[in-house]
Each structure stands twice: as C-alpha cells, then as structure tokens.
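Structure record follows, encoded as structure tokens.
When the chains are written out, they are named A, B and C in that same order, and each has its own residue count from 1.
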Amino acid sequence: MPGKSPSGRALGRRDALALGGAAAAVAAIPAAHADTKLTVWTGYPEIQPVYQAVAAEYAKTHPGVTFDFFSSQLRQAEQKLTAAVPTGTGPDVYDIGTNISVNFIENGLIDPNPPEIDAYMKSGPWDKFTVDFLTVDGKTYGLPFLEGSRASLYWNKTYFKEAGIAGPPATFPELIEAAKKLVKFDSQGRMTRSGISLRLSGQGSGIGEKFRYLLAATGGSAIEQTPSGKWHNGYDNQSGRDSLAFYVDAVQTWHIDDPKVLHDADAFATGATAMLFRESWVIGEIQSKNPNLDYGVVPIPAWKAGMPRYMMLQPEGVYVSGQSSNKKVAWDFVKFLTNPQNGLRLTEVTGWLSPRTDIDWKPLLAKTPQFKTFVEPPADIQYYVEPVLPPWDEIETRMADRLTAAYVDPSLKGNPQNIAATIHSMAQQTDQILKDANLYGTA
Amino acid sequence: MRPWSQHRRLRRRLGALVIHAILMLGALFMLLPMLWMLSTSFKPPPETAVWPPHLLPRAATLDNYRGLFSAIPFPRFFGNSVFISLVSTASVVITSMIAGAVFAKYRFPGRTVLFMLVLATAIVPFEAYMIPLYIELVRMHWINTYQAIILPTLVMSFGIFLLRQHVASAIPDELLEAARVDGASEWWTFRRVLVPLSGSAMAAVGIFAFIQAWAAFIWPLLVANTDHLFNLEVGLTAFQFRFSTDYGKLMAGSTLSTLPMLIVFLLLRRRIIENMALTGLKG
Amino acid sequence: MSVSLLDRPLPRPLPQGEGRRRIARHAKLWLWCYAMLLPVMVIYAYVRIWPIIRSFVLSFYNWRLIARVRPFVGLANYEHMLGDQNFQIAIWNTTVYSLSIVLISTILALPLAVLLARRSKMSAVYQTIYFLPVITPLVPMSIAWKWIYDYNYGILNYVLSLVGIRPIAWLTDAHIALWALIIMGVWKILGYNMVIFLVGIRNIPATYLEAASLDGAGEMRKFWYVTLPLLRPILLYVLVTATINSYTVFTQVYVMTLGSQDAPGQAVRVLVYDIYQNGFEFFRMGYASAEAVTLTLIVLGFTLIQFRAFRERETT
C-alpha cells in the first residue's frame, strides 16, 4: 500500500535513522567530479573567443569544470588585477605583462611554478630566451602565452606599385624616400594618405614602445642595465637624438605623417596609410576588415646600410594566482591552453603569435604568407627585449607624454640643439623615476 | 500716430526678432549634439565615414542597435544603473532628512561642532579623497562588489543642508511644541510632523541625488572590475574601447544611455527645474 | 494645568537649582538627537571625514598599493609634485578650463535668464531645451562630442566649411583641444546657471523694478542697478559651484583621450586625470594623495576668494 513500508506500518524512527545514515554515507564519498569554477581574466578582448574555444574543448575531457571569462583593455586589466589580486578577489588564471607580474611576484602573490610545470617549461617547447624572461631569481613563474611584439613593417603592395617603387625598404633612408613618394594630399592640402603611420598620439606606453623601434634601430635603448644590475637611461646620446629627429622631420619636414590623419591598424587596413610598424595581430584585423588588401610584411629596416636589423621581443605569460583555491585544475588548464594546437589556434584566430618553437607553421603560411616574418624571422635579425622592472610602465608613459608634444613642436624642426635638450630632459626624468624606485645606477 | 513712435515700435519689433533669433540659435546649439547622436545611430558604417556628412541617414538601419545588444550586456548595465541610483537616492533622502531635521530644530551639546564638520567637509571634492577610500575597500576585500560602488553615495552633505534649511524656515517651532504639549514623543513628532511637511524638499534632494548617482563614473570605474557590475557609464566607456571607430554603434550606445534620463526629465520636467533652482537659492 | 514657557523642552542655560526633572528631560531629548544622528554621522565619518583626513596623512608617505614597505617621506611628495612637468601642465590646463567655463557660462546665462524671465509658453519651452544638456549623462555625451569634433567627418567642421572656414583639428591640435573641452563644458552647465538666475530674477519683487521704471530707468539700467545687485548671493552660489564642478573635470578627458586615434594627450591633462594616473596606473598612492590635497586647497582657495569678493561688495 502506498505510504507504508513493506512491513505494513508507517515509516518510523528507525527507518528515518537508516535513511539518514545512508545519506551521510553517500555524502561522505569525496565527489570525484566536483564542480570547479575557474575565473580567467585577460587583457586582450580579441583573445577571449580563443579562451572560450579552448575552455569548451577542455570541458569535454574534464566535465565539472566551468569557466568565467572576463576581458578588458590592457591598461584597465592591469589596474583591475592590481586592485583585485592582493585582496584575494582576483581570478584564478590571468595573462598579464611582466611589468605587472614582477610586482606580484615580489609581493608573494604568485607562487613559483610547481616542479612539474617548471620541468615542462624547460623541456624544449620554448627557447631559453623566453624561459629566462619569465624567470625571477632563478625560479620560473607562469607559462609563456603569447609573443607580444616582433613588430615589423607592413607595406601596401598596391600603393608601392602605383608609385613605381620596386620593393619594400631595407634601410631607413629608403623608407623615407618611399614614404615621400607614397603620401597623398587632397586639393585643400589635407593629408589623405600618410606615407607611413607612426604613433604620434594616444595611449602613453604605446607611444613609448613605438619610439623604441627607432631607438633600437639607431643603436640605443630606453633604459640600460649596468653590470651591477642597476639601470639608467640609454638614449641621452646620438641614438636618442636621431630617433627624435626622425619623428620631428617625418611630421614637420618631410610631411609623411600627420596627427590629424587616420592612424594605426585601422588606417593600414582601410588604405589610409602605405606603411606601418606593428605586431602580428594586424593580420587578423586586415582579414576581418579588408581581406583583399595586397600587402607584405618585412622586418623593420636597418638605420643605415650595413647596420643590423632589430626586432623587439615581448613574451607574455599566463599565470595561476597564488590565492586561487583551484590551483591544480588551473595549472592543468594553463598547460592545455599553451599546447601546440592551441598555440596555433591563437595565432590563426587573432594573429597574436604563440612563442612555442614546436609549432608547424606551414599550413598557416600557405594561407597567409604575411606571417612569415613573424614566425620565421630572417637569421640575421638581432633581438632586444622589454625590460622587466616595476616602474617600467611609468617610464614609458612619461617618455610618451614628452614625445607627443615634441613631435609637433615647431621649435625642434631643424634644430639639433633643441632636440638634444629635449632628449636630455626626458632622460633625466627617466633617471628620476629609476632613482625613486631605488633602481638607478651607472656602474 | 507720430512718425517717431512708429519708428520706436519698429525698433522694438526688430529687437524682439533678434532676441528670438539668438534664443533659437542657442537652443539649436543645445540640441544639436543629441540630435546628431540620434541621427548617426541609425546610419550604416559607410554613411558615417563620409564627407560631407549627411544630416539624416539615407539608408536608416537598426543594425547598430542590434549589434550593440549582441556586443555588450546592455540590459545588465541598465539594471545596475537603476539599482545603484535607487539605493543611493533612498539613502541620501533618508539620511539628509534625519540629519537636516535634527540640526534644524534641536539644540544639543556638540551640535555646532558636528554641523561645522559637515560644512567643512562638504566643499572637499570627491576626487580628493577617493584614494584612501579605495585603499580602505581593498583592505575590506570589498573591491568589485555592489556595496563598494554604492558606499560613497550613501550621504550627501548638500542634501543635509537643503533639508536643514527647509525644516528651519518652512516648519514653525509652534507645530513641534504643540505636538510635545500633547505628549507626543520626539520620534512621533519627527515622523508625523517634520517628514510630511518636508515632502517637496525631500523630493528635490531625491531628484538631485538620482541624477548624480546615475552619472557616477570615476568611482565605479575604479572599483568595478568585472562587467556584471558596470553601470551604463562605465559599460559604455569599456565598449568605446573596442569599437573606437564604429561610430554608428557608439552613437547607438550613447543614445540608449541618454534616453532614460531624458525620459525621466521630460516627465518630471517642471519638478526637476524647480527643484534644481530651489537647491541653488536655499543653499 | 497651564503650560508655561519654562516647560519647553528646548534646552536653555538652566538657572541654578532647577529640578532634576528638567535636566532629565533635556538629557532624554539630547539622547534622542544623538540616537537619530548616530547612523548618519557614522556613515558620513566613514565615507567622507575619515578618508579626507587619511588623504592628508597619506600624502606624507611613499605608498605603492601592494608594496610591503611604506616609508614616511615627509614633504618629498610635495617637492616632487611642484617640480613635475605633468603636474604643472595639469594645474595650468585645469585652471584655464575652470576659469573659462565659469566666466563664459555665467556671462551667457545672465542675459538668457533675463530674456526668459517673462512667463510665457515659449519661455517654458526654451527653459526645457536649455536645461536638457544638464541632465544628459557625461559619458555618452562625451562620446557624441568626440564624434562632433572629429577632424575628418565631424559635423562641426562641416558647418564651418559652409561658411568658408578650413577644418579645425579640434581634439588633436594642442592649442585648441582645451577650448574644445571648454565649449563642451559650457554647453553642459549653461542651462543650470540660467535656471538658477531665472528663479532669482523672478523672485525680485516687482515693486523694485516698477519703482526704477518710474524713475525713468531703461532696461539696461534696471538690470545693472536693480537686478544684478539683488542677484548677488545667487551669483556667488553659481560661481562657487561652477568652479568646484569644473575644477574636478575628469570624465570628458578620460573618454576623449582613450584610444590611439585623435587623442589630444598632454594638451588636456587635467588635475584629476593626473591623480588618477599616478594613483591607479602607476600606483603611487602617496604621491597622488599629495596632488589630491593640493586639489582640495585650490578649490578651497577659489571658494574663499569668491566669498570674500562678494562679502565686501555687500557692505558698500
């Protein structure tokens, strides 16, 4: 009869105890596939779809793991992380530049890699250079996620042909000549197409970074490390002056670029400029905005014939937070995220390069040959890297503040003394920031 | 009629015409940005990047709005703005009423000191003390929570002043005494005499608080880290980053962000203008 | 039993020897006041008074948010600040911005208020229209204005081209960018000032103006010698609020300097932006606090000057 136990009486206390005991026993079995939620923050909104695709695949073989993604622009992501991580309200996994992660590492907010991750990292998928970049005091932190630079020269083949220029420039004098021929003005004298799109205004550290392309080409650097491990400015010299002079002349003397014309990847993709120094992600932009664009990519030219060509490297890591309560799963996911297949996926979808050395790029190159300079640079390229120290962002941003004004300052045009004075004053500011951070030294 | 009086009438007519022309030009200047924003929001991408620009879209489309909703969680941002603004408004009205009434009608030891404190700190702009407030929230682990966003908006010294002014001048002491004579408790007097008689001033403070809370930007920007907490202002800014040249979508977002305030304003038009003017006179 | 005035519960200096009953009544009243005020004052102290004090204290430390060491550096932050080019630019820009907005918006709002003071249907319509910008939230309108100011496709340059003026680089030209912001700022608060003046004008007793008319005064003289002096306290209020408001400008600058296209950069660096950048991009919280304290002092200074200026006039 319904509602009555087999023995014919209503469920009594003993039955309740039995049920309770059984339930407790079941609950005591550790849940084999307990639901784990990983929060992942990224400073690259365009990479979020890749994260989501990787997560979807990961979830197939790891049921019970769910993800929460959040992306914001790089500058905001850095600020949010810096606010959240120290209080334990941050994500389990995040990608961020070394200029920020070094702060976290210094303050114990990121743990050194677990031994098996450390061994994996050094076992060959990444070159020594990249591994060293994510090493602090002999311990590795995070796994290399993307190569943030290798900026090269994009050139518009159609415009070059139109102007009768045989091929891309190999030296800066050639670049200047080509730019002069490629720039276009309308009937009212407004520039409608820049010869080359330089970074003249906008977000601070971006300006500083693009200026460093020139510093490197001319043989200098933003900051230099001394043998004792201290730092000081590296551009209060001919290199710095030549670099600034290049920009000033580009805007004011040769008129190959102008702050008022459309700039950057947008400009190159829509044909508002003939040349651009940028990273590989622009390829993704071009694919989505103007797939029929006929363009090529070559390394940034040498300053003069006979000087080497330089390429900036900026490996960026993906980290597991020191306060995460799901470290094991998080590391497992991060390993999966940085494997060769997903590295290739990252580059294919967004254009950002995977720093792994064991990816077969041939299928990608067959589809988009422009990737060649990025994934297989010529052998004679000399590399330089972003310094890793806490005040780096401030140094670059402060440089940028002065540069934007200097580029359009008419008193600098054709005036080497003023240029030297500006560079000197900028360099002093850089040194001051280093002094404030107790990192300054000349020996 | 003598010729010179006719002349004067003509001059007056001309003067009136000129005045009207100036007023209309000014009105156009006031309205143009919003109208332009509205117009662009219906333009497809090729029409936005064109010279000379078209005043009205030639191929009007709803794509920008559609694209907007699929790109950002607009209803969420809107809901957050509403929630945060309502909580803030309620809190400001309540705290201002209480403090305003007590400061206005009662004398007690420390009254002057406390009121001076409120007065002195009223003039300090928020941006001048947001850093310690932020550090405090980091310490409390309240970053990226609703309470963090709402916290600084719970009180408004301006509201306290306004209500104090109103209660002091518009409610005669005799009313309070009459109530006390009848044996009423202070709390009763507060609830049944002071509050009902302050309705219009409370409304004024409420409207002011609502408008301020809706437009809050720098604080939510700092303490809201993930987009489920963003209000409309911050959400739109983050969105602007990603679509920095897609002005059709940007204008669609701006239009939708402005619309709620416009509707509220047009409904409560007279109330709002009167109350804002009130705040200026009594302050 | 008749109730004498002495039974009023409002506390007065008690003559010696009054009964304990009266003191008890006063104490009960005071307790009620404290009880009512407590929650309000606690919140106020926590979110306003305490942070203001801490801001001042913080400015004497080298405080990088997550660093473990936070040394006391005395006046070093202030010294650094005064010699810092970014700070100097910010102070200059912000002061020019603030003074311009206050002056222009006040000077334009007064005649507008006079014109619209006469009650009419058109007046109400105009009031509504002029007040609209005040209500609109800043972020969407900043984005809209950024688009209006666009060098290549902006409608402002188009309108100018119709009268033969060449396109102006509103937001990229270092000399013009600040003025572009000023124009936008005036647009935003003009209606607010106007409405306040308008109510003030309407509150002027008609008899004063009639008397002046009888004395043979024309419109201009009536305005100058009757209306304006009576508006003095309102003028003070408008000036003070406009100054404080415009000196803390941030949202427009932040929204319009985002992205790499068309960013005016240093030309529109304002004080609050500098505080924001130093505090939340470089995480130099102590230094940013020093700037914040300076902001407070400047705003206080302006307010005091304006109060002083208006106080003196009243006595003459």
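One rule holds for everything that comes next: contacts are C-beta pairs under 8 Å (C-beta built on N, C-alpha and C of every residue); 3 or more make two chains touch, one makes a residue touch a chain.
None of the values given here were measured: they were computed from a predicted structure.
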Can you tell me which chain lies farthest from chain C, using the average of the Cα atoms as each chain's centre? A
Top-ranked pair of chains - ranking by C-beta pairs in contact: B-C
Any idea how many Å lie between the Cα centroids of chain A and chain C? 40
Whole-Å separation of chain centres (CA-atom averages), chain B against chain C: 14
Could you pull out the residues of chain B that touch at least 2 other chains? 134, 138, 222, 241, 245
Multi-chain touching residues of chain C, meaning two or more other chains, are 65, 152, 258-261, 280
Hey, what residues on chain A touch two or more of the other chains? 79, 83, 86, 266
Can you check the complex and tell me which residues of chain C touch chain A? 65-68, 80, 85-86, 151-152, 166-167, 169, 172, 174, 258-266, 269, 277, 280-284
Which residues of chain C touch chain B once you look at their complex with the stated criterion? 3, 8-11, 29-30, 32-34, 36-37, 39-41, 43-44, 47-52, 54-55, 58, 63, 65, 112, 115-116, 126-141, 143-145, 147-148, 152-155, 158, 161, 187, 190-192, 195-196, 198-200, 203, 234, 237-238, 241, 244, 247-248, 250-251, 254-255, 258-261, 272, 275-276, 279-280, 285, 288-289, 292-293, 295-296, 299-300, 303
Residue positions on chain A within touch of chain C in the complex are 75, 78-79, 82-83, 85-86, 103-104, 107, 109, 188, 190, 199, 201-203, 206, 259-264, 266, 391, 393-394, 397-398, 401-402, 404-405, 408, 429, 436
Applying the document's contact rule, which stretches of chain B touch chain C when the two form their complex? 19, 23, 26-27, 29-34, 36-37, 40, 48-53, 55, 95, 98-99, 102, 106-109, 111, 114, 117-118, 121, 123-136, 138, 151-152, 154-155, 157, 177, 180-181, 186-187, 190, 211, 214-215, 217-218, 221-222, 232-234, 236-237, 240-241, 244-245, 247, 250-251, 253-255, 257-258, 261-262, 264-266, 269, 272-274, 276-278, 280-281, 283
Where on chain A does chain B make contact in their complex? 45, 70, 72-73, 76, 79-80, 83-84, 86-89, 266
